[in-house]
Amino acid sequence: MIRFIIRRLVLLVPVFIGLTLLVFTISHILPGDPVKLAAGPQASAEEIASLTREFGMDRPLPQQYWHYASGLLQGDWGQSVLTRRPVAADLKIYLPATLELVFAAIILAIVIGIPAGLLSAITANRWPDYLIRILSLASIAMPRFFLALVLQLVFAMSLAWLPLNGRFPIIDLPPPTVTGMLTLDSLLAGDWLAFTTSCEHLLMPALAMSLSPLATITRMMRASTLDVLQQDFVLTERALGLSQSLIILKYVLRNAFSSTLTVIGLYIGWLLSGSVLVETVFDWPGIGLYATKAIVTQDFMPVMGVTLSIGFIFVLVNLAIDLLYGVINPKVRYQ
Amino acid sequence: MLQVKGLSKIYPARRGSPAVTALDDVSFTIAANSAFGVVGESGSGKTTLTRCLIGLEKPSSGEMLFEGRDIARLSPAQLREMRARIQIVFQDPYASLNPRMSAQDIIGEPLLIHHDRLQLSAPARTDRVVELLERVGLGVRHLHRYPHEFSGGQRQRIGIARALAVKPDMLILDEPTSALDVSVQAQILNLLAELQDSLKLSYLFISHDLGVVRYICDRALLLLHGKVIEEGPVDQVFDHPRSDYARRLIAAIPDVDPAQSLHLAH
Amino acid sequence: MTNHNGAHPSRWQNWQRSIYRFRQSGLSIAGLAIVLVLMLIAVAGSWIVPFPEHISGGINTAARFKPPSSLYWFGTNELGQDVFSLVMAGARVSLIAGFGVVMIAAIIGGLIGALAGYAGGWIDDVLMRLTDLMLTLPSLILAMAIAAALGAGLDNMVFAISMSWWPGFARLMRGEVIAKKEDLFVQAARALGASDSRILLRHVLPNVMSPIIIKMSLDMGFAILAVAALGFIGIGVKPPTPEWGSLLSLARGYLPDYWWTAIFPGLAIFFAVLGFNLLGDGLRDLFDPKARR
Amino acid sequence: MALLSIENLHLSIQSFDGEAQILNGVDLTLERGEICGLVGETGCGKSLTGLSVSKLVSSPPARYGQGAIHFDGHDILGHSENAMRALRGRRIGMIFQDPTTNLNPLFRIGEQMIDVALHSMGANRWSRSAQREARERSIAMLERVGIHDAHNRLDDYPHQFSGGMRQRVLIAMALIGRPDLLIADEPTTALDVSVQAQILKLLFDIVREDNIAVLLITHNLGVVARLCTHVAVMYAGRIIERGIMADVFNNPSHPYTKALLGAVPTQKTRKGTLQGLGGSVPDPYLPHEGCRFAPRCALAEARCREAVPPEADLGHGHGVACIKAGVSA
Amino acid sequence: PHAQAQTAPRKILVVASNQDVPNFDPHVATGYSASALLRNLYDPLVRVEGNPPQVKPHLAESFSVSPDGMEYIFKLDGKAKFNDGSPVTADAVKYSFDRLVRLKKGNAWMIAGIVDENSVSVVDAKTVKIKLAKPFVAFPHVLPWLWIINPKLVEDNKGSDDGQTWLKSNIAGSGAFMLKRAEPGNLYELEKVASPWKSGGGNLTGAIWRIIRETSNQRLAVQRGEAHMALDLTSEDMDALKDKPGVVSIIEPEFRTFSIKLNTEHGPLADINLRKAISYAFNYQAMLDSAGYAQLMVGPLPNGIFGHDPKLVVPTTDLDKAKEFLSKSKVPNGGIKLTMVHVSGLEQQRRIALVLLDSLKKLNIELDIKPMVWPDMVASTASPDKMADFFPVYQTANYGDPDNIAFAAYHSSRNGNWQNPVYKNPKVDALILAGRAETDQAKRQTIYLDMQKQIVEDAPDIFGVLEKRKLALRSDVQGFIFTPVASNAVEFFPLSLK
């Protein structure tokens, strides 16, 4: 197992190199000149030139890449041309906020989606199944940003049950930063009030984000459960008298879950990438907003930073899922 | 007609799986107008042998002489020509026909591919296809049907007709009946026997059903893990096997003979 | 269970069976209905709406923010434009954009996947590593960056989204081609001496098209969503093109008072995506009943 | 009273194409110590007959018409699912064709076996002692079907076993509840001949030692000849000939049985003399009258097409459903 | 639910804004949000206050101007000290001006060419002399935006970039507030210093600059009492806030122009008749409607500013006149397609573009609207052939003097910059320079009247609107006085919370 993990980790190195290369190439072949903006409206040509030099953007691309890549190794993710803040420092602030959101969403999706899918499959073509299927189809079609708006409209604006936006009440100090995820940090600080407060803030955005993965997990789970129920071994298990509940909750569940697992991995990447849609509505200070700001100002260091960090997280999450998959599926494990 | 000498095929080790010696120093000769059987258990290398013979796979060592020329060393043009001489019929009649082509397209395809040599006009091709269909016991009415509209036995007939289209001298039959019911199998076996007589074909007949090989073949070869265990005329191989393994294997064949019953042994 | 029992249904019977299966599912029918209505609106949109001039940017600032009424079914917006007319016209934009994305992605991905799958070896390795890498890139951010760099406009947006969309098709295509390549009938063709191009065009491709088409129909809805998402972020079409995501994005500022400006474009996206998803599901059941239930 | 008796069983399946008459009056009896081979061409209803005995055919789409199945006095078709569970695994064991797909790949052999053992013991799943006992039984059973070092192999996963061993495991699971009846649906078809021979021998030994009844479903006549005491030949959802194996094989009376036997090449068959059987199995969706084999039968005459031929008794339980039984071809 | 137990009565003002403050270096940062925070963290020599805006003493308790307007002498307040306790001296003032001029960033453009490295001299510890390189009457009006930094702290952390890295996130000022917490993109919290050198002021103990991007969310935050002040509200928001309890709306005119620049140098609009045709075809009422709380501009200068001519004759919507001009142009029947760019996401610009599109239809001219990111727009102004036909700009008066807008928007030396990409007219140039130097108010007035007439004659712009400043306050905020320059860069010191 350890050897397997190590081998997988070693295999990540070329993936990461490829990732940096790809991101770098894409961001540098796109048209746009962030320096001009950074220099300000009154800047002269010389000022712009000197700034370009300062950011090393006059050098040939391979050299720039080399500079960037070697910086990455030392934890230097470059600097925003516009704000001149180091990208790494920014990411340290924004990434946890988004991760908190994404994890909350995916946990919601799993906790609700798996049982719902299972229920749907075992009641196939009866009313609970129809209900769940219609709901999940509708959920998949629901744009996250629209749902977020509707939630906000109903629960914050009209009913005023939940806070409108943000991660924490404005004038209160959040718990001391450890992970950067406020829910975790408040638990670590033993501050129950802060925990419930941050959960209140988290609820709507997480819900808006989780709907699509939830529905997809439900559908996947339903489909794979039905698939598994068709498998020969289920017939054998039934023929040998095992009870329906044992068969479903033990034997079928694990098989069905193993095929749902990959979807979860894919969804984490999808959520990270699309976090901006929900972050915009809830003014959630995460990487989505950060990236958008950088994108519209063509400030490519932050864009590269975000893209790479999402890519890295995506790859790592999928590695973790592969490992988990190995735990579930012995055939994979022993290879 | 076909002479195989010291043929070996090693699949190199790949991620997660070790190297496999699929064929290990296999030698045999097939005479013209004879049926040569290859038997062996699953994974013994039977299919690998056929793939080498029709040039889909490069052998690791050894030579396969078809009328004196080594198949593995043919130029692409020569290989194409050779492919018209040696044809193959596959095991699974459900998977070996393109589901999107009609019987006419399927049987006519080799005629098209070898058009440069056969020079058949379109109507001539259709005539030939009809002739072939009739040859294998089907008819004009089947011309425009698609594979899913045929039964297993009929599909296998189409497979045979396709193989016969370019007038080969030799047919390789890789378990042509193992996916079929016994009743249908009998039809196909009879058809094969009849074709061999009338067209003077040679067969390389692969099967794990020893009864079938004994029935249809003149000589047979027994493979185990890619090695030749036994080779000779069928009667000798089956009735007087030299190796233990062959003896055990032959004893294990359940014959349709109540005298074999385990109940009698006790 | 086996379906190779004595009777062999004809093609037409197969079709009948598929259509029966399709008709059995009320949801698929609903999907088809929605999609047909959408298409109708997309084609006839500018003739049937009450205020066609608003679609091309006409304004009427004397009637700003009128709530829904018999004159303005969905109310009017900040420039006095009829929201109903804009939402109707948005159907065409979304349909064209969604279709464009799916087509371009399918063509690029299909070519790359088919090449990788059929050629194998290092070509496969290189192309697939590239595809995998593209898949690890955050798609929306990538699309946003490309679209922002190229500037606003439907074509740029479609291009940008397709650039992050093709890897899915490439993977599917490669998998299908590899599976089919190993199929006996392909080997049979090879054994007959058929050329690579013949094998690819005559034997492999026709047999891998249905999963591709199914994916295209399933992806239509998601492509429409992606288009709307870019519009919502504000990186989308050029004014005055009425696009649902941008309409919704603009309307956000007017919540909750002028809710009609937001709710109707939002619902339009929802129903369009729902329609295509339902239809896609139905088609998948139709062509590939084993795939999913 | 016979251990298993199937009387005039009818089964139809509903689908788009209409209602397919799959079983058309299956009659079969089985006693302890008997191994009855159920043979016939593909699609004739062998598996559905076997599954019906454990009531494992899902209905809908299937629907039972006339007929009954009695197992040791129980009316199977009238039983509730719970009552059936009490029989399955304890009184009726089943093995299926493909050993690679009939074991759950994600669970250890032991885990799967122990669950079955616990069920067969009727014990509380959570009781420590029951668990231990179930484990002991599993080990003993695995040893019995010829898996050495069973104690350690319990912790292996299915993919670590060869096909033959997996089939042994499945047999062990089916036998662990000491059933009275074992239904084996093509248990050796996926195996190599030598492995097949071992499995047949294993089954034979078990029947002799435990005096159980076996319904062996196969289309391999050689297997029947080697293992079975009795044989039932099925065609289009009906048993058309049955009796003691040697009787039937030596004196096939139904033209179909004859044709089947004639289609298998044996040592003595000379090249080109094999008797194929023309035509194909009838479509269960089409309505029919009379003997269903008539269209393929060389001896068929007008009255064959009019009424379903009743079963004629040729003595010693040798029955044949053909009005021309005994007429030589 | 508020998580913290509160010991002392905290009076924290929460300000909702959609602008981040990426940089706290007072000589580098730009943008209103930076101005807002900097004016509370740092002190300038003089302040601007009231409506109409007046220059008030600050670090300088008084100043005098030489009669030719070229030399300013500032007397510093003896009490003034930096927050590390050291006094604010003439050296610090010189150090700050020199740094600003050296860096040429941030607000340095306001005094570019006017104050150079030799201008500032120390007379004594509390007296500074600034000698202008060129005459500049509006000089006192720009001073409130030029901050004085603590030389010692900056020298200690100078690094290789003149302390820019350090000052980006550290404060070296004398303001009444200190930076307590900074979460870029989210919020910045200021805390009142224990004893500000300046006496008086309100009761605030701190302030939070909270970034809320969506204006409707800002409005809701004020409505729900989560914020005390919202800075970026739209007219729709103001309508929604009307009669909401506990909310005070402020809708005041200010000197911020919004108009459409035409490409007078390249393309069809180089034709003055076409420009005039369009000016007359434009639907000014629709623009006003869609702008909400606003007034139409009369000519190039903001209404009400010194020198503005309210009686100036400017184009109004008049289709007959438009057609007349069109028939005199090179495209008498229209049939052409023009382009307009705008900043994507800037709603008012999009609206005005649509108004233009709608108006041009009447001349049978098509309009291609291209939303762009700001950097691209800036880049497109570099040369006339890259610039679009129509280019909308907001121009904020950073100081209440006509020179501000006149020079930036119409002087040909600014060509190639976004405020005045292409327009040049030697006569106008001369008038602008004369206006800068003229100290006699009456003469200055006539100079600007001439200039306005000349500009209207050239029709380089479609004169747009002056949007009113729209702010919302909680009613418990006290001491707020509106000032029409940089009015959303709020000074916290005088404010109190009930």
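Chains: A, B, C, D and E, in written order; residue numbering restarts at 1 for each.
Here, contacts are C-beta pairs under 8 Å (C-beta built on N, C-alpha and C of every residue); 3 or more make two chains touch, one makes a residue touch a chain.
This is a predicted model, so every value here is computed, not measured.
J.: Please state, in steps, how far chain E lies from chain D along the shortest route of touching chains.
T.: Minimum number of steps from chain D to chain E: 2.
J.: Between B-C and A-C, which chain pair is linked by the larger number of C-beta contacts?
T.: Between B-C and A-C, the larger count of C-beta pairs in contact belongs to A-C.
J.: Per the centroid of Cα atoms for each chain, what is the distance between chain C and chain E, given in Å?
T.: 45
J.: Please tell me the distance, in whole Å, between the geometric centres of chain A and chain E computed from their C-alpha atoms.
T.: The answer is 39 Å.
J.: Measuring centre to centre with CA averages, how many angstrom lie between chain A and chain B?
T.: That gives a centre separation of 54 Å.
J.: Could you give the separation in Å between the centres of chain C and chain D, each centre being the mean of its C-alpha atoms?
T.: Between these chains, centre-to-centre, one finds 50 Å.
J.: Can you list every residue of chain E that touches 2 or more other chains, as numbers and ranges?
T.: 214, 344-345, 373, 376
J.: Show the residues in chain D shared as contacts by 2 or more other chains, in ascending order.
T.: 42, 280
J.: Considering chain B alone, which of its residues make contact with at least two other chains?
T.: 151
J.: For a test of understanding, state which residues of chain B touch chain D in their complex under the given definition.
T.: Touching chain D: residues 41-42, 151, 153, 181-187, 189-190, 193-194, 208, 210-212, 214-216, 238, 248-249, 251-258, 260-263, 266 of chain B.
J.: Taking the touch rule as given, give the residues of chain E at its contact with chain A in the complex, in rising order.
T.: Result: residues 1-4, 10, 12, 14, 20, 22-23, 30, 104-106, 109, 112, 164-165, 168, 181, 183-187, 208, 210-214, 217, 220-221, 224, 226-227, 344-345, 373-376, 378-379, 417-419 of chain E touch chain A.
J.: Taking the complex as given, what residues does chain E use to touch chain C?
T.: Residues 214-216, 234, 236-237, 239-240, 285-286, 289-290, 344-345, 347, 350-351, 353-355, 357-358, 361, 367-373, 376 of chain E touch chain C in their complex.
J.: Using the touch definition up top, name the residues of chain A that touch chain D in the complex.
T.: Of all residues in chain A, those touching chain D are 231-233, 235-244, 246, 250-251, 254-255, 258, 328-331, 334.
J.: Using the touch rule from the top, collect the residues of chain D that touch chain B in their complex.
T.: 41-42, 192-194, 196-197, 200-201, 204, 208, 219-229, 245-246, 249-250, 259-267, 269, 271-272, 274-278, 280
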